[in-house]
Amino acid sequence: MADIDVTLLRRQAEAVLFSLGAPIEARRLAETLDIDPRLLERVIDELSESLAGHGLMVQRHDGLVQMATRPEAADAVRRLLNPEVPGRLSPAAYETLAIIAYRQPITKAGIDEVRGVDCERVLEGLLNRGLVEERGRLDAPGTPRLFGTTMRFLQLLGVERVDDLPGVPDPAPG
Amino acid sequence: MADIDVTLLRRQAEAVLFSLGAPIEARRLAETLDIDPRLLERVIDELSESLAGHGLMVQRHDGLVQMATRPEAADAVRRLLNPEVPGRLSPAAYETLAIIAYRQPITKAGIDEVRGVDCERVLEGLLNRGLVEERGRLDAPGTPRLFGTTMRFLQLLGVERVDDLPGVPDPAPG
Amino acid sequence: MNVEVRVQTDVFEGPIDLLLTLAQRQQVDLSQVRLGDLAWDYLATIREGTGSGPVRSAEELAAFLVVATRLLALKAASLLPGPNDGETEEDLESWEEQVRVRMAEYARFKEAALELMRRHAEGGFAFPSAIEAEIVPSERLAIDAGGLAGAFQAVLDRLPAPAEVEVELTRYSLTEEMDAIRARLRVAESTSFTALFDAAAGRLHAVVIFLALLELIRAGEARFRQRDVFGDIEILRGVAVADG
């Protein structure tokens, strides 16, 4: 493959993500397109750019890629598909979600420390709602579970990547 | 609605079609977007244009609209998802399909006349495969059933509309 | 047609279907074919009964008749008299025209069918999206990115600034506390254990002072003595006095 047709790869990636309609590991997508994972990064970058001004976008998170609708079109989608189950996050859940979003991956002890209270129940709620998920274990005594946000979280937020969150404070020194 | 934002409508239509993953009646899509059906035609035209050079396209047929992947990406999609694709047809079936595609809506008698043989069984096969469907009845003695091709037929050939098929024979003079 | 009727004529040998196709493309001169021969070939096929037996369905018979009729029509059209032959001229012309149009139309559909078959075989399918319900938010959870950032900032604001914590920690340095005890023992040969902790600012400070004392005892710079069981512990200057 001397001459790599990035435009064709972009189209193929777009078609695959579209028809899959679910998150896929970047590694697996690269395999499907028969390209190097590093090239995939470029292909997805181009796809993301080509979808500017469209009703769709590419979301990337934790080694996963997926195609999703943009938030400005969300109302129309809801109107048609009619799923609208109103839900609300408690201030505690909101705060916990924020800590996880900006400090992921983080242990429960880490969240507790920042919030100053035990987050067991709040964390469970976020896990059940699919906003947060386990992300392996910390290599430390007791190997505590690590938590991070999900694709669904990005979806509800309507952003392409966690990096697109506004005003990310500097990482904690610890 | 003094100032209609066609670009926003185009994005919304795109998001809706992606989320739906199935054909939708143009009438219903117009309702969802809260616009006049005539305006929808323009919105879909613009969406179709905006997808030039992409891996996706808009298929339109018989008052239905659907988004689908472009044929040049079919291999990649099949490699990953291995979706069910229609198997090969008999020469008689392709012939019947061609007649229906170019002369739709057409009665069984009309097909028989062109082919010069009874198409009962072949037609049944095409109906079962979802490539052809009933399209109302002819306002004539006996009100015979009319047949036309389906969205699935467009997917089989990877075109946006029946008009995109090559070498459409001239309409029969009768 | 399921049954293959093979015909033998001077200009063509093979399936009757193919003969029709070639005749339509004018690749076989039908004027050289005696249609009666075709009928005989068909009857012969029936009598021989290839494999499945001599019984033919009405459908197959009809199929043969249609092909034969088309051949007949084609042949008739090609044998029609010229345009200056009497009064039925116009009727004949229009009839001939009709036959030609019909044949041409059928031929075009055959071409179109081949094109469909080719495209199908190429596999350039279009696939719809198979969306997972999760992609479409089913819960109207309006998480606002700005609000999320605000919530996190509020949490950070609640925490004491990291810089202050560091100052606290450096204040209780083990070496400093050891120096303080050494200084006491230089002034007086002994001191009370509890008096050592009079200056302790808190629990953590007290722990550091105690650790400093243990360190000095280990090094031989200090000793301790308790005269009675519940009495105060006395800290004495040790033998290995470090100067400075």
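Points worth noting:
Here the chain labels run A, B and C in written order, and each chain numbers its own residues starting at 1.
One rule holds in what follows: contacts are C-beta pairs under 8 Å (C-beta built on N, C-alpha and C of every residue); 3 or more make two chains touch, one makes a residue touch a chain.
Remember, predicted model here, so these are calculated numbers, not experimental data.
Among the chains, the centre nearest to the mean of all shown protein C-alpha atoms is found for C. For chain A, the chain whose average C-alpha position is most distant is B. Taking each chain's centre as the mean of its C-alpha atoms, chain A lies 35 Å from chain B. Chain A and chain C have centres, each the mean of its CA atoms, that are 16 Å apart. If you average the CA atoms of chain B and of chain C, the two centres end up 25 Å from each other. Within chain C, contacts with two or more other chains are made by residues 127-131, 135-136.
Under the contact definition stated at the top, the residues of chain B that touch 2 or more other chains are 18-21, 67, 69-70, 72, 74-75, 77, 81, 83. Those residues of chain A that touch chain C in the shared complex are 15, 18-22, 66-69, 74, 77-78, 81, 83-89, 91, 94-95, 97-99, 101-102, 114-116, 129-131, 151-153, 155-159, 164-169, 173. Remark: chain C residues 1, 59, 62-63, 66-67, 69-70, 101, 105-106, 108-117, 119-121, 123-131, 135-136 touch chain B in the complex.
Per the touch definition, chain A reaches chain B in the complex via residues 7-8, 10-16, 18-21, 24, 28-29, 32-33, 50, 53-56, 67, 69-70, 72-77, 79-81. Listed in rising order, the residues of chain C touching chain A in the complex are 127-149, 151-156, 158-159, 162.
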